[in-house]
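Structures are listed in the sections that come next.
Note that subunit A is present in both complexes that follow, paired respectively with subunit B and with subunit C.
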Partner chain A sequence: MVTNITNLSRSGLYDWMLQRLTAIVLGAYSVILLGYLVMNPGLQFSQWAELFDDTWMRIFTLLALISILAHAWVGMWTISTDYFNDRAFGSKSVLIRFPVQIVCFIALFSYVIWGVQILWGL
Partner chain B sequence: MYATERWGKRVNSKRPVNLDITTIKLPLPAYTSILHRISGVILFIGLGFLLYGLELSLASEESFDSLKDLLSAPLAKFVIWGILSALIYHFIAGVKHLLMDVDVGDGKESGRFGAIVTLVLSSMLIILAGVWVW
Partner chain C sequence: MKVSVYRYNPETDKKPYMMDFDVAIPEGKDLMVLDVLNLLKEQDPTLTYRRSCREGVCGSDGLSIGGTNGLACITPLSDAVRGNKLVIRPLPGLPVIRDLVVDMSLFYKQYEKIKPYLINETPAPAIERLQSPEDREKLDGLYECILCACCSTACPSFWWNPDKFVGPSGLLQAYRFLADSRDTATEERLAELDDPFSVFRCRGIMNCVNVCPKGLNPTRAIGHIRQMLFKSAT
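And then the complex of A and B:
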C-alpha cells in the first residue's frame, strides 16, 4: 500500500486540475517558442537577446518553468508511486521511492532557480 | 454463509493477483500511455540540456556562437532531436488526454483510434523535426 503523504496537494482532484492547467501553459509556450525558432532560421544573437529582454517573455518563460515544477512533480510522483511500490520492492519500498522523489524535487527546484538566473542575467 | 466465509477468507488472505505486465496482452492505448510516461521522464532530464543551451544563448554573443558550433556536432543534433521527439509525442498524447477528459475518444473503439492517430501524427512530426534539425 502506498500512503498519500507525498503528493502535491493531498487531493488527487486538485493535482489532476493542476496537471491540466500547467499542461496548457507548457503546450502554448512550446508551440510559440518552437514556432519562433522555425520561422527565424539563421537567428542572430541580437534578435534572440532582444526577445528575452522583453518583460512579457521573461514572465512567460518563468511561468513555464514554474509550470514544469508542478507538472513534472505530479508526473514523477505518479510514476514513482506506481513502480517503486511494495509490490515491486517489498515492504521497505519507501526507502527507494522517497529518495527518488527527493531527487526529482531538488532537480525541478534547481531548474526554476537556474532559469531565474539565466533570464535576469544573474 | 459458507460462500460468504470463503469469499471473505480469500479477500483477506490469498487473492490471486496477476499484475505482471509481461504476461498481459496490452491494448494499443496502454502502449501510448506508457510512451507518454517515458517521454515525460525524457523531458524531465532533457530540460537540463535545454536550460544549458538557453544559458549559452543568452549569456553573450561569444557563448551564442559557441552554442551554434556545439549544435553543429552530430551527437548534439541527435540529443536535440531526441528531446524534440519526446516533446512532440508528449504534446500530442497530452492533447489526446485532454480530449478524453471531456469524453472525446474514451470508448473502446475510439480509444484505439485515438492511439493510432497519436502514433501516426507524432511519427510524422518527429520525422519533420529530424529534417529541421539536420
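And then the complex of A and C:
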C-alpha cells in the first residue's frame, strides 16, 4: 500500500466516494440556484437577500461551501501529486508540491469562512 | 514507403533522434509492422527491438506505432500507415535502453505488487481445487492478458506515477485474482489497494481499452475493484 499524509482521508476509497457525493450536492445546488435565477427575471437585491434569509438556504449553501472545500481539495491534491512529483521536478519536488497544497488549502478554507460571513452577515 | 524510426544508443548518442528509411513493400501484400522492422534490420543491423513469437502471444514487441500503442507482429501496415509514412517509437513513459527497447522494471514491479498468484491457506484437496463452470467464466477477459504493457504505457496516470499507480495491466490482473473462487486472500488484496494511488489514480479515460491488442477491458476490471472496495467498506 502507498502511504500518504496530505490527502483528505488517507483512503483512496473514502476520497473517491466523498468527491462523488460532494459533486451531487454541488450539482443540485447549481441547478436550484440557476432555476431560481431563470424563474425570477429582473431580480432585486431584496428578493435575493430574502432567499438567503431562509434557514434551509443557509444550510444548503453552507453544505455547498463545505462540499467545494472537500471536492476541490481532493482534486487539487490529486493534480499536485500528478504534476509536481519527482518525475517532473526531481527529488526536491516536495518543495514545490507542499507549498502548492498549502496555498490551495488556505484558499479553499478562506472561501468557506468568507461564505459563512456573507451568509450570516457577520 | 517511408519509415521513421526512433533511434537512441546511450553509448554513442547524446540525444534520441528519428531516422528515416525507405522500404520497398511487396505489391499486394499487407505486411505486419514487425515484418517491416525485419526489413529495416536487413538495411541497418544495429536497429534494436524486442520480438519473439511474432503472433501476438508473447507480448514482446509492444511499440508506439503511428502514435498508438500496439503489438508490431499483429498490426498490419494498412492500420498503421498515415500519409504514406510509418512512424515507430518505443512504448511511451518508460526509460529507453536502446532504440525501441524500453526498461520494463517499473511495469513488472507493479505486477509483482498485486501478488499475481493464487493464495489459499486451506488444506489442498487430494487432486485439485475444483471450480464450477460459472466461476471459471468470471475469469474470461482477465486471464488473457499477455503483459505487453501497451495499456499501462498509454495511461497518463501511469506516466505521472509509475511507482505508485498499479496501472491498467496490473489492476486487470489484480481483479483476475480477486474474482477467482479458489483465492481466499480477498480482504488482504483489497486492503493493499485502498490507498489514493494504487487503484484510485485511474480517471477512466480508457486509453487502455483503446490500445489493448487482446481486446481486454482494464477499465471495467478497475470498476469491479472499486465496487468490491466499496462493498467491503460500507
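Keep in mind that, in the parts below, the second predicted complex is superposed on the first by the 119 of 122 C-alpha atoms of A that agree within 3 Å, B and C clash if a C-alpha of one lies under 4 Å from a C-alpha of the other, contacts with A are read in each partner's own complex, and residues count from 1 in each chain.
As a convention for this text, contacts are C-beta pairs under 8 Å (C-beta built on N, C-alpha and C of every residue); 3 or more make two chains touch, one makes a residue touch a chain.
If you're wondering where the values come from, they're calculated on a predicted model, not measured in any experiment.
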Quiz prompt | Partner chain(s) touched by A:Ile68 [first = subunit B, second = subunit C, both, neither] | solution = first
Exercise. Using the touch definition from the top, say if A:Phe52 reaches subunit B (first), subunit C (second), both or neither.
Key: first
Exercise. Would you sort A:Ala107 into first (subunit B), second (subunit C), both or neither based on which partner it touches?
Key: first
Exercise. Based on the superposed arrangement, let me know which partner A:Asp15 touches: subunit B (first), subunit C (second), both, or neither?
Key: second
Quiz item: In the superposed arrangement, does A:Arg87 touch subunit B (first), subunit C (second), both or neither?
Solution: both
Practice problem: Applying the touch criterion given at the start, work out whether A:Ser30 contacts subunit B, subunit C, both or neither, answering first, second, both or neither. | Solution: first
Quiz item: Hey, is it subunit B or subunit C that touches more of subunit A?
Solution: B
Practice problem: Could you say whether A:Ile79 touches subunit B, subunit C, both of them, or neither, answering first, second, both or neither? | Solution: first
Quiz item: Across the two complexes, what residues of subunit A are contacted by subunit B and by subunit C?
Solution: 87
Self-check item: In the complex, subunit A residues that touch subunit C
Solution: 1-4, 7, 10-17, 78, 81-83, 85, 87-88
Practice problem: Quick one: which bits of subunit A touch subunit B in the complex? Just the residue numbers, please. | Solution: 20, 23-24, 27, 30, 38, 45-46, 48-49, 52, 68, 72, 75-76, 79, 87, 104, 107-108, 111, 114-115, 118-119, 121
Exercise. Note which residues of subunit B are touching subunit A in the complex, please.
Key: 19, 37, 40-41, 43-44, 47-48, 51, 54-55, 57-59, 61, 64-65, 87, 91, 94-95, 97-98, 101, 132
Quiz item: Across the complex, what residues on subunit C touch subunit A?
Solution: 157, 159-162, 164, 191-201, 226, 229-230, 233
